[in-house]
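Okay, so chain A shows up in both of these, paired with chain B first and chain C after.
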Partner chain A sequence: MTGTVTPKARLTPHDRPHSYVGRSLSRAGAKRAVAGKGRYTDDITLPRMLHAAFVRSPWAHARIKGIDIAAARKAPGVRVVMTGAEVAKLCTGPWVGTLTCFPTMKSAPQFPLAVERACWHGEPVVMVIADTRALAEDAAELVEIIYEELPVTVDKTTALGPGAVVLHPELGDNLAFEKTIDIGNVDQAFESADLIVEETYDFARHTAVSLEPRVLLADWDAASERLQIWTSSQTPHMIQHVIANTLGIPDHNVRVVAPDVGGSFGLKIHTYGDEIATALAAKVLGRPVKFVADRLESFGSDIHARENLIKARMAFTKAGDITAVDFDVVAGAGAYSQYPRTSVFEANQILNITAGPYKHKHYRAKATVVYLNKVPSSQYRAVGHPIGITVGESLLDLAATKLGIDPLEIRRRNAFPDAAFPTKTASGVKLADMSFTRCFDVLEKSIGYRALRADQAALRKQGVYRGIGLAAFIKGTAPGPNGYYGVGGAPISAQDACTIKLEPNGGIICAVGVTDQGQGVNDVMQQIAASALGVEMAAIRIISGDTDATPYGGGTYASRATAIGGEAVHQAARALRAEVLELAGVLLQAKPETLDLISGKIVDAATGMERLPLREIGRIAHFQVGQFPNTVHPQLSHTRRFRLLDDLYIFTNGIQAAHVEVDMETGFIKHLKHWVVEDCGRVINPQLADEQVRGGCVQGLGGALYEHCVYDENGQLINGTMADYLTPMSTEMPDIVVEHVVTPTSASELGAKGVGESGTGAAPAALMNAVNDALLPFEARVTAQPITPESILIALGRV
Partner chain B sequence: MKTEETQEITCKVNGERITRLVPVRQHLVDFLRMDLQLTGSHIGCEHGVCGACSVRVDGKVVRGCLMLAVQADGQNIVTIEGLTDSGEVADLQAEFVERNALQCGYCTPGQLMTAAELLAEGEISTREEIRTFMSGNYCRCTGYHAIVDAIETTMKRREEASRAPRPAKGKA
Partner chain C sequence: MKAPKFSYVRAESVEHACKLLAEHGDEARILAGGQSLIPTLNMRLSRPALLIDINRLEHLAGAIFNGKEVRVGTLTRHADVMLSHMVAKYLPLVAEAIPHVAHVAVRNRGTFGGSVALADPAAEMPACLLALGGRLVLQSVRGTREVAAEDYFHGLYQTARAPDEMLIEALIPPQTSDERSSFKELSRRHGDFAVAGVAARARVKSGTISNVRLVYFGSEVKPTLAKTAMAAAEGKIWNDATAEAVSTALASDLDPMDNLLGKPATKLHWQRVLTQRALDDITSKAKAA
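Let's look at the complex of A and B:
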């Protein structure tokens, strides 16, 4: 792709001299945020705005025998109090969080607020709308609810056993979903194995803890029968449909705007009853209503994730080749399957990706997802990957130790070689355009692997116990339309879109269906559009997060924004560029092929000589369009949609390494340094990609070290504050070195894969392997996350 | 039911003298955000852990969610808006942008408030020390590395600038 420019060998958008692809430009939105000028949903105040507060179930499971709202109704500033039954009556019907692509799954119908029964601690039961949030909370305290406490199911391992309380009797049992993959001859492979390693892994339930909680502001215009929503969301179009459908309003009469979003991580792609009820209240009252979850409410109503128990084993030859993988996942979902994305993806994804980098052939995996009296669980950053990757990588290390093979060597030995792609994993997912070999080489150099090992051995002699943990991974990004959501019946688009327009002054308006939560999605779209079109960054304005102003799209989830949305932008910009060159050709009486658009100027492609500024095309095509012959009809606006075709995902790959020191007296872990080498295809903005990886890693490390939604035996969530639920602080986290190997995906012209979640996916595995490596001289191992100091002391037999 | 009990306070906010009637139970950040529309200070937990609500009161960074608005009577309050207008941390803010030391930006005003305090000490800190100093300000997006980088770079630049010989007169 190098060499001199000739009229024949035209530059591609990626290697034009002025291309913005591959450049670390800073984000426009960042300038506002550092000045305190960010505009988050809660920063918006409307005239006559009211506030919602919710009375939530204090019990994990209880029949609602009576609700007395008389006192609350009379409280100062109260405008309306609605029970679950009243809200339900105004809804078109309940949701059911199932997808037809999971034929065996079942779930119970769910209304925005609990109606006859509350099924988790924190489930909203009554809504109070008042002049201020404080007054709404005062009145909420006056609501009297008579509950009959019911027995609970909180342990996933006994939820299907005899005598377990069935959450939803109409479902027959607590089974949400069951699936088995059985490929090759697993039993035989284990029988003939030289070595079998086997362990049970326990992953605690955790949650997203976006620093900005969930928030929604709704305003109903009775005259036009239109509902306007501002909400902290990743998926405005999905929310538009869910609210419209639940409230019985045509979708196109609901406008959803996502202003600045204060962190989301998958938390804000779901349907929450309190938000829907808030929108309903705005419609009932004809006044704007705002709901902001406080932190306790967030812990008790934001989706939770993980909570998996996995019994797993792996078979090996003496030489260290994996011959078979066999595991059984039990996942504890919450009280309902979360609508509309369900609560079974995590387990399903574990089945897809465990031991995914490796070329073994016999694979059996079973997932069982059960209902529990807890907050519903669903998709949170890197769905399933932290678990599947930890299981595979941990067993691999265990085998390496037993076989006396170096952990990096055993990975090299088993990973698909770079020439193997496209190929399929034993679990059946397609892998393409990957680079394990190169990633391993880069990592080895980057961390100075041999020296670090030597250092480790020397320090051990001095009683300092350090560990090096590796975790190779595959990560599913940018899902296609044939796998799950849309094809399963959910109102979720796997396709995304861009509409790009030329304005009279040469400015470009670029509206996209994907959304930005601070990753820099808008900036990346701008870089792609500027490069594909041939204009300067400043000429482009990106519009996102507004259903009235953007083409229909799935929004941002599953690391899809750049890979899917970016390609739509690329294609739309190319289409506009082609038209601009056509129009320029007419005006200049030149063949379009002899012209080029570079930095906002039409130039002679052969000589680079400037012929016409783009703004002239805009001006003439809008204001003096009569200059064109009658056969020429400038459109100046192009929409392109893009989807992955047949594949489930665009998989990315890479390897992470953690270097830790464990204090054997206290069980404290000091994370010294962390490395990531990954291949997200073409990197549009290296700095933004790196920061996605770093932030993702720390979120994964949080799960591995601290995060845990703790429930007692009665289903009470007992750590619903940020003082009790620990998330990583700066002092505990290491510097993180990020490097990229670039293998563009063949699924798109742009070649970008997803990057937002791979940090989260593999960091817990690297960390756990590092801890176990440090514990090696003591023949102790930990297999549960979070890895607490206590769990280390228990493993060491010290407590 | 009695209605909201209120009290009049007079304080200085970002250099302006403000007199308002506030509910006695309202915390300082709600007052700043709702009554003064200074929405740059954020609420992440309302129980003193996350640091998103950090503001400067009489020269010290405090958690605005742990202080009542009535306690601000007679005090001098600086929020991110005031800090920005004063130019005191313009270099740090520029470095945050340059280094992408923020993603969603929700924690950022608090991070800047706290970092300003560290920078004002005028000493060079190690990365470890920066990490420790900043530990009361949670960030869920960045993983902290870039924040530490931005503070460290600003610190070093200031140090260099303070050692550089002053230009004789006028602009350098």
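Let's look at the complex of A and C:
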């Protein structure tokens, strides 16, 4: 930014010449990635580095009767072969994936590798460390394991029934967690209802499929007893504690660096045994060890999610008012509750958010989470939301059809009006600063709703079947400190932090606890810092993803980076700015409040006249600090931490629409167009926000149409390759139009809410409603995801 | 996902490759485009002792019309088939099918011969060869022989090729000016292997169809000539009654696989829908001509 500085004393941080908030700046990070200059963990090669490969259980449930590693040990290039029992002996103890905030939940202790029993197909059993990955894989084939195959539990609906095989006998049964919310008088509301709609929804298990898989490189320095880790992680501080604690090293002697990360989506906020065992191997051998999960391993060991069966009903008046909601969730967790975030969060979140946009008062929801002989499930982008939103929005459409009310009108009728906030949902979560009314208006106009309906009716007469599906939503973002995780006993910080420093040349170093996985978090932090401080973008360098270099933070998950980390940056930058103006006041013999910092220059606030460049403050305060009186002590470094106060989340809201065409002869769906109108509060970088929403939609649509981890009756994962597991591809994805209604959150000064998961949360619901709208003339409905062409033909009674 | 150890030889000539095949038989694999072979190696689903790389045998690449038939060299890349005006002119069925073969990157490396030799049940080129009555030239140290496409595809990844034989080229009679063809397939995503598909051709004269040839792939273990359905269509006017008869007959021609891509009944349904669409397409192309 150059040019005349406008003399406006009352400029806010958002309308100054250097105000980058609200602008679609091109990303520095994108340039590096496109130029092939990204540096991911696997790009790092250390001298004397070794490679890990794992022997994984071919059975879903088996007793390990014997392991013969003699041949593997003698294989070329092999440095060590360790069984699960040997690894366990070197750990301080097992993990138990429970949290005290879920008081009734239980889980079995878990070591990095299976010890006596393997409980899922793909569980690591033996680790081989060799000079190359190929040699490690060759040796892994020579490990002989004698298994006694055990019966399995793979069906969540019978997991608690008589005769079900109990995965962990010490737990008594397969029940992980049970919770019921019962508000108002649900039974009475159903008895007096004019209309009751009821359906059962089945959501298939799927997984994140990040482009860069899980990777960890560990290097133990025996002399200083410090462990250096590079890993593809969203949460360096969390994993620092987990590794330190498991290996018996003080946390501060473990440095975790997350270099460039190629996608994560919640997959990379968990503890994985193969990664921890790799760190342990580096310590045992005194040599760097790298583990890269290959695609086959990823399908069988990355967390899975979304496996839920929900029986739900909703009561209505004739006029279309929702009077009660009642549903029962059975969630299929995997073999263990994933440490330390647990595998029960998804079901809990479904209870929080289902039918959340609407002002009904009688609400009963029950969650039952059971253990199965499958990959452990846990948090994946928009945890629980795709399921809860689909259930609520689908039942609402069903009722609208039966009552003869337009789907958009029934949403308008039931949604909290914009003047209603703050308020609480029937489930008990607080909603504030929301905008359903405005979002619905924007959407109606954006999609040309009436014209699209007319077009649909005309095409039906020609045998072309199109559907329009709507899905309003609330989305929990930026979790507060009193809900889950940290307060439940996990080493996870709900606050985040920024340390910002003025360097002698006027450059700014800004170290943040939140992390970047390719979505542009660092760029967003830079825009916030530049705006709040009053400098140009180029003056700022962001440091993230390094526990040695950044203040302690929670990292990036649950749409928290901008809302929480961004506010910490904003506050820290404001603090540095205040100090800079004070120091400038001393040097210029002016009152700080008469000065301003604009585009890296100290100016007279009233006239805009330049007084001193910022680099002079840096130079004098570092090199000629004697120019200041003895009472002035330049600090030039400020750390601010930010957290929500009492709120569970900053909830966002919005509505999505899908327009599809269904080929009734083949059951194939063509997704014509998709729209999202959402309110993430203040938008820092519109382009990045839009792409978060679009990418999120695609991931949601993947689950709605394609993605499915298919298990057979023996617990074998039978489609764990990219040829058999279908991810959404650009050729099938529609144009996605994104618009924002802006209601800044009152929880922070910056006003930004989370945006990373809203697309994922509601896209499956919009898509399923659109398909069912297309099927309406045939009186057919689909209620299971993914919606396959075959499932449509079955619904139509054609096969 | 690292391939197990294997030996590698770059073939200097077809004779060299055949000599190696004679020595190693089933232990050896020909490496052409590698679009199927390399993933199976990396997943350790296949562990040949020897890879015989034929990529330098450039005379095996390319498609020509010799005045009598189209010769497609085994090393011809799918992309080159797709861009060939000669193929578009003499083999419109192949031209219609080839955009369905995977994605650009795969078509740039993958070869016609590789696809035919592998005999994936969902592959497009084997179905086209069968529909067009092509012949395959196989060479070994024992000599050279021709096998008709009808006798070549034996089952799931099973062909008439002996372990010591190498596929050299395909010989395909050109489509005649009085016939029309149509290629239809359904795949979950563009470029995926088909869940159902048909390669169809027929002569059309005043609404009557003859010389009907219907080949089904994707649903079956191998590209399958639907002889009963073809008979039901032969010499008939293409109308609802004929369509019904063909649809009914199809049940005795096809035996769809039960797998993740669908139940047999669903696949039979899809093949029936595609048959209708393919023959509608053929008759409308005839009208337009």
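What we mean here is this: the second predicted complex is superposed on the first by the 789 of 799 C-alpha atoms of A that agree within 3 Å, B and C clash if a C-alpha of one lies under 4 Å from a C-alpha of the other, contacts with A are read in each partner's own complex, and residues count from 1 in each chain.
To be clear about the criterion, a residue touches a chain if its C-beta (ideal position, glycine included) is under 8 Å from a C-beta of that chain, and two chains touch if they have at least 3 such contacts.
Note that the structure is predicted; figures quoted are calculated from it, not measured.
Applying the stated contact rule after C-alpha superposition, one finds that A:Arg295 touches each of chain B and chain C.
In the overlay built on the shared chain, the residue A:Gly476 is in contact with neither chain B nor chain C. Of the two partner chains placed by superposition, A:Pro112 touches none, neither chain B nor chain C.
Which of chain B and chain C touches more residues of chain A is settled by the count: it is B. By the touch criterion defined above, A:Phe265 lies against chain B but remains apart from chain C after alignment on the C-alpha atoms of chain A.
In the superposition on chain A, A:Glu790 contacts chain C only, with no contact to chain B. Looking at the shared chain after the overlay, A:Val710 reaches chain C, while chain B stays out of its contact range.
In the superposition on chain A, A:Ala134 contacts both chain B and chain C.
In the superposed model, A:Thr666 lies in contact with chain C only, and not with chain B.
In the superposition on chain A, contact of A:Val799 is made with chain C only, not with chain B.
Looking at chain A, you'll find residues 134, 294-295, 721, 723, 728-729, 731-732 touch chain B in one structure and chain C in the other.
Within the complex, the chain A residues that touch chain C are 133-134, 137-138, 141, 294-296, 665-666, 668, 706, 710, 718-719, 721, 723-724, 726, 728-729, 731-732, 788-790, 793-794, 798-799. Chain B makes touch with chain A in their complex at residues 1, 3-4, 23, 25-26, 33-34, 37-50, 52, 79-81, 83-84, 93, 96-98, 100, 102-109, 112, 127-128, 130-132, 134-148. Chain A makes touch with chain B in their complex at residues 26-27, 29-40, 42-43, 45, 74-76, 134-135, 208-213, 260-265, 294-295, 517-520, 687-688, 691, 694-699, 721-723, 727-733, 735-736, 759. Within the complex formed with chain A, the residues of chain C that make contact are 1-5, 39, 43-44, 186, 188-193, 195, 260, 262-263, 265-266, 269-270, 273.
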